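Next up: the structures, one after another.
Here chain A shows up in two complexes: once beside chain B, once beside chain C.
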Partner chain A sequence: MSENSPDKLAIREVRLGATRAEGGTREVSYVIGGDRGLPFCGNDAGRRLVALEICDDPAIWPPVVRNYVGDLVNNPEDWAQAAERRYGADLVRLNFTSTKKRGFNAFADIASTTERVLEATTRPLIIEGSNDPQVDSEVFRRCGEAGEGERLLLGTAEADRYRSVAAAALAYGHLVIAQSPIDVNLAKQLNILLRETGVPEDRIVIDPYTGALGYGFEYSYSVMERIRLAAIAGDDDLAMPMISAPTDTLSIREVREAAPEEQDAMAVAWEFYTAYSAFVAGASVVCVRHPLTVERLKKVLEA
Partner chain B sequence: MAMKALDIYKHLPKTNCKKCGYPTCLAFAMKLATGKADVEACPDLDPGAKALLGGVTRPPVRAVTIGAGERSVTIGEEFVLFRHEKTFYHPPGIMVEVSDTWTEVEVRSVVDEVRETVVHRVGQDLVLNGVAVRNESGSADRFAETVRLAGGGSSLPLVLISDDPTAFEAALAIAGQYRPLIHAATADNWEPLAALAKQYGSPLVVRAGTPADLAAITAKCAEAGVADLLIDPAPGSLQGYITVATEIRRSAIERTEPALGYPIYLDAGALGETDAAVATGILKYAGIIVTPRFSRASREAALTLRQNIYTDPQHPIQVTPGVYPINNPERDAPVLLTVNFSLTYFTIVGYLEASRMPCHLLIVDTEGLSVLTSVAGGKLTETMVADALKKFGVADLVDHRILIIPGYAAPLSGKIEDATGWKVMVGPRDAADLPEYLEKEWKT
Partner chain C sequence: MNEIETDLLDAAIERGRIRLDARLQTLSGKPEYPDTAYALPVTYALTGIAVRDAEGAREAYRQSGNNLLVACECLMAAEGAVEPPYTGFIPDTVLRQLGYTLVDGSVIGLGLIVGRPESPDAAAAICREMQEKYLLTFLAGGVVEALSGAGVRLGLEYRLVPLGPESARGIHFADILARIAMMFGGVKPGDASALLVYAAERAKAFVIVFPGLTDEEIAFVDSLRALGMPILTVDGGYRGGEWIPVASGEAVQKGMDLRGIRVTITAIPIPMACSPAFEGKSIRKEEMYVEFGGGRTPAFELLRTRPREEVEDGKVTVIGPEVDDVPAGSALPLAILVDVAGERMKPDYEPVLERRIHTFINYGEGSWHVAQRDLIWVRLSKDAVAKGVRIRDIGTLLAHKLKMEFPDHIEAIQVTLVTDRAKVEELLPQAREIYKRRDERIAGMKDDDVEVFYSCTLCQTFAPNHVCIITPERPALCGAITWLDARIAHEITPSGANQPVEKGEVIEALRGEFAGVNRFVKKTSHGETERVSLYSIIDYPMTACGCFECIAAIVPEVNGVLIVNRDYRGETPLGMTFSTLAGTIGGGAQTPGFLGIAKSYILSERFLQAEGGIARVVWMPTSLREELGDRLRERLAAAGIPEMYEKIADEVTAPTIEDLIAFLERVEHPALAMKPLI
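Let's look at the complex of A and B:
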């Protein structure tokens, strides 16, 4: 919360990442939220961040991105470094896709990859752990511990599996992504659950779930607008900044089946229109996968 | 604010004479209340009542038609600030720009592109709407000649952009009968332009930097007899556009400034980032978007965004329940259960088609709710699954009796086995994980 005028903010301020002075090792930390009204209207102050997604096992990653980034896909720390230095991302979202493998138990790798990616980057980091109750608790513990004090943004808590993420966030001083399936009331309920678990309200970021453009994006767009309006109207349980990750965007037919020479253009157009619209609907952080989309979004947001 | 039907009814003659085309005065009042009828249709209203009702019952944003014939585009007639409050009705017309300094070949290639671009999505044909001709040559004749090259308005709706009344006269001599949009009347030149718009019955854009100045000019144009107006707030940035467009739409809807109750015009090219500006216009209240030529990828994304945003949220697109063959399944192919929420359906079909894995997709009717929501809300039950298997004859399509259910429906797995007699396998929660899951787990 801002010390000066806590009453007037529609959206709570949330600090991502921690500098050395703040107990971490980042060169910068970001404050998102703090908005007072509708996005992009009048004195809207909200900071908007573009995250580039990377992963530790590229087997299920979109081919268009694998082709574009080449060898980087096999090396998360180089990929993360390129995201910041070459592609200009405000931050990286590291997806532990390796945990989706059947019988996954390489927990030590989760810790070491987290350490190496933190080492290779200077900005705040988002980590998307597992989404399998069997391994959640160990995965979140390992990456949480490896990044202790860094104020990582850890994802993803859902209504029926939030305890492991919340426990890791509480134990090691991180933030939580709270995802609900395109529903204002479920978003609110999950925030209440997290609060009851002890996660402070200024450590929660709402993920309303984002469908791909052409595949239900309009539901996500409207739910983001509704969450934002509810916060403006004073609903404290929805007054958190939002993160949008239209992760299916590059898997849709239009992108997959584009002619080879048009694949990058199609991927970027599709991601750009979706991501930009998510910002207009009120998202503070938007995650994309194609490096060229990062560049285009940054240019527009800085204009 | 809008008036309720019964309050409107109090002001009507109550003779039920049917001259308005409705069976009763009350029926007419109900149409008026939703902005779907015009008070002028009742010939027996006294002038006082007519003025009163006219002010509160016409749509807060006036409907304006640009162009003539099949490709004409009607915009405006909007009622809300956010689509979830009701719906957005008339998608913005997207007009691609040409200059009268270009060669004939250049102009024609844009015109052909606009005419031929069609994106087929979910049963709709999405198109670009027209051509905007910009007078940059300083010559009225060249302007008129380029308007002629652009089809003169007979095939595609046109926007005529200039600040020279003589150039408009020349262009309207060619295109005037096809309702081209005239851009733009300003504080300085509104009089001759309003006269031309009136003479040709053409819609007219009013341009000024503030809502107050816009309102002042639209009021004068309306008084001069031009009813079909648009407003161009001449924004300096994307944020500036969103701020002022929101203010204009809000004043129109709350009826605080009737002189702002017109569709908004956005020049996307003037804001630098064309794609961002086009998206902004689609999301935030533009009626007409004029854009420089943009790539095929951008066109498809823009048209898809426009379709999404103008989909009626009151009727979420639901998929018809049934059993759908994916990748030509045979009798040994897996049967996958899912819900009729379009987002779920399209996502799953996308991944399955990409995987080339043949399967049968069984869609049950959860009233358009997602798996998670429908399980939580009791809209997806074992009885429904059993009924659907029977109703769609799934047992006749395959030789096995195995049903793969969504990961989020795991709590129902035992009950579904009991109710159907089929063996249930719990699939992944994410559609993205389906291909891998099937590859590993599916063996008949």
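Let's look at the complex of A and C:
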């Protein structure tokens, strides 16, 4: 008991997803965090998870992924199911890209897509709602309500628009991704704001934000390191596990302009090295978009 | 207030209380609500008792100390449901949505309207105003019929919820609050004080009362005050007690003011993204379309408190040429004048809010800002200007961001941007007069008088490990934040960049090293800096971000210290310009022998106390010496060396190190005879 007593943990434990016994319908739930020191220094307690990102409107999704997964892009639940069963992802991150369309108002679809994807998967789910103040309130309410009890990880809260996400987490028992623009103090401040809104500290996951490797990742790396060091030094407001989604990686020039036969390999290489670096910097969850990256990351993590 | 009327209301409350009390004692049947996990919510929250029967109701009432809200709730729960369109008790699932909109900010406050209005139109106008102001309104009593009769649409989707035909149904309003507190506020059933705190501070609600209440209803409404709700009476119905009479046209505004409810804005109408993500990005000369200040033109910023009637909220005025009147690469003069008004705004807060101008302009994707006061340097990028960004947009950005950031203090804000040179030059002396007055406010305070210093980590976006420690006798190195300002900033934003720092045990008094300060700096610099002397340039000097007004640097050859200010563009006797020196000492590193400082620190008794103070100063540019002028003379006189003023060399008397040595020997500068610096 003393070894595992929470007060000795540098990073809080956060449970993603809920099994039937825990009030949800997932076959497993994951505990992340619980670390005592820096990553890969022999103190790792929490697990590292690889999420495959999918979306409900592929119009703005990277062409290299669309080509690879084919028809799946038009069907979020099949895509989600393939992510788990075929590609081996620990969990799925569902992006509601449809909300980016001008004048979006298909709120009922948000609820039904959430339900269908939950139905199609057995593992915890990350949901990325809208990022437009005009529709945030309704979007987060719908996905929060549709996933009540499932301990979804909902994104993304930012300093000037965190209320809808926080409200959905509070009302329907979910978790929050708190994203700050590569800045340790803003990360801390957002966590304080969330706490003041009433979100319990063990329901927050920090996203320090990142670019691709070679395109600004080094800033994120050092901020992640500083967040982790601050937590180890006893800063409670930063003692949350981290998530990293290097989503820009597939839109960089090297990937876009690669020869057609090299596209997949190039995309996977960039995603893999960026995402793996994020693990090294201390991320508990990384989110990638190319299915082959999942496999490669899982293999290295198991080694 | 009329005493007889006061008596009347108090008497009615008392009669109502006795009636309710008696009815509860004879209550029979089953008090319960459907579709909730919170039993009778007010009772449950106050006492922790999940009431199931009449006996339980009486027990809970007793345990609550005869709280009338408990009595009303138990009595209502025993009465059963109401017919549509009335909602009666609201089930948990719907309530969760209501609570969501409240946390989410799409509803910013709650109102309960009871009684029967004499004029349905007045009631309709109140409801319309509530809707426009993002308030969620509950209705109970004759007001519902009156509104329907006047053609007002009711229902949750219209944010007007008809609870029931009798005003007593208003008790559901209290059970909604209680459940929101338990669902969203982490209030534990039975923790009455937590409920009251939540209701008073978080769930911002008020009550509007029309005439026509029974004594029991009067007693019930009065008991809502315990939940922090002001009771506003309109139509001259009730006077007395703690109830507040208002004209019906002013009821909503009054309720909002009393509860501190403010409508907030989310999107800023400018053709440029605005986010902290852009804060660290600078605009290089080649990318710049137009710049202001930075030594090329006169420029300053000033935020002032004004009477409410002199501030037209949201107004932005540009006086002088706009960016499209000048070619790319131009420099224009600039005065940023921000006028704010608000009941809770104090002139003391001005410098704190003014300092945020720096942060907010840097939030713009194509706008950039450094330094402060009359030293500012602002740029707009070519990209931004091509997208349609104008100087006016900087004003719009500032007006919105300041109001969003300080909603409790700023009720109205207007921004004037002056790019007309003559006008800027005319205004500049007035601004300097105000800066000087602000500096004087803190002049009498001593470090020994306080137990707490303040930190500033505003610049950690640029210099991630730098921490300023601000004391009464040593302002932040940017010169823009004094100890008083930092204390006020902490008051306004407790989670912000200015935190209290306990001095703790004195480690070394002369050098100004304190155990508490060291602990704080170590933590906040993320372990980078372990010790800091507040009054020394050599042993563990304070780190610097990059915003310093001046740099102090030791000149080993003459056993003294030179000071160079940001606006001096020439070389110092060290063979380096201000900007070269700045490049070596910024970024949060501890650099013994160099110090980033505010101008006013030069005049402090604590200035380089460890090294012998002001007598060490051997050189400063004439512009700086003239600016400090009489204040410097006074300081030197107080230090017992009035003749020193003439002994400080400058760029004319000593442009090089050789000239400096010769000059100092000729005037017999005291530094030459002091203890060796190194």
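One rule holds in what follows: the second predicted complex is superposed on the first by the 299 of 303 C-alpha atoms of A that agree within 3 Å, B and C clash if a C-alpha of one lies under 4 Å from a C-alpha of the other, contacts with A are read in each partner's own complex, and residues count from 1 in each chain.
Keep this in mind: a contact is a pair of C-beta atoms (placed from the backbone, for glycine too) under 8 Å apart; a residue touches a chain by one contact, two chains touch by 3 or more.
Note that the structure is predicted; figures quoted are calculated from it, not measured.
For the composite obtained by superposing both complexes on chain A, the positions of chain B and chain C are in clash. By the document's definition of touching, of the two partners only chain B reaches A:N131; chain C does not.
Set side by side, chain B and chain C differ in how many residues of chain A they touch, and the one touching more is B.
Contacts of A:L229 after superposition: both chain B and chain C are touched. Applying the stated contact rule after C-alpha superposition, one finds that A:L292 touches neither chain B nor chain C. Shared-chain residue A:A111: touches no atom of chain B or chain C. Applying the stated contact rule after C-alpha superposition, one finds that A:G216 touches chain B and leaves chain C untouched.
In the superposition on chain A, contact of A:L170 is made with chain C only, not with chain B. In the superposition on chain A, A:L38 contacts chain B only, with no contact to chain C. Contacts of A:P181 after superposition: both chain B and chain C are touched.
After superposition on chain A, the chain C segment that clashes with chain B is 365-373; the remaining candidates among 365-373, 473-481 or 545-553 show no clashing C-alpha atoms.
Comparing the two complexes, residues 159, 181-183, 186, 222, 226, 229 of chain A contact chain B in one case and chain C in the other. Only residues 38-42, 44, 60, 100, 102, 131, 159, 181-183, 186, 211-219, 221-222, 225-226, 229, 247-248, 251-254, 256, 258, 262, 265-266, 268-270, 272-274, 276-277, 280-281, 296, 299-300, 303 of chain A touch chain B when the two sit together in their complex. Looking at the complex, you find that chain B touches chain A at residues 82-84, 121, 237-239, 242-243, 246, 272-273, 275-276, 279-280, 283-284, 295-298, 300-302, 304-305, 307-309, 311, 313, 316, 341-343, 346-347, 350-351, 353-354, 370, 372-373, 429-433, 436, 440. By the touch criterion stated above, chain A contacts chain C in their complex at residues 133, 136-137, 140-141, 144-145, 159-161, 163-164, 166-168, 170-172, 180-186, 189, 192-193, 196-198, 200, 209, 222, 226, 229-230, 233-235. Those residues of chain C whose C-beta lies close enough to touch chain A in the complex are 96-97, 99-106, 183-186, 266-267, 275-277, 279, 404, 457, 460-461, 464, 495-497, 523, 526-527.
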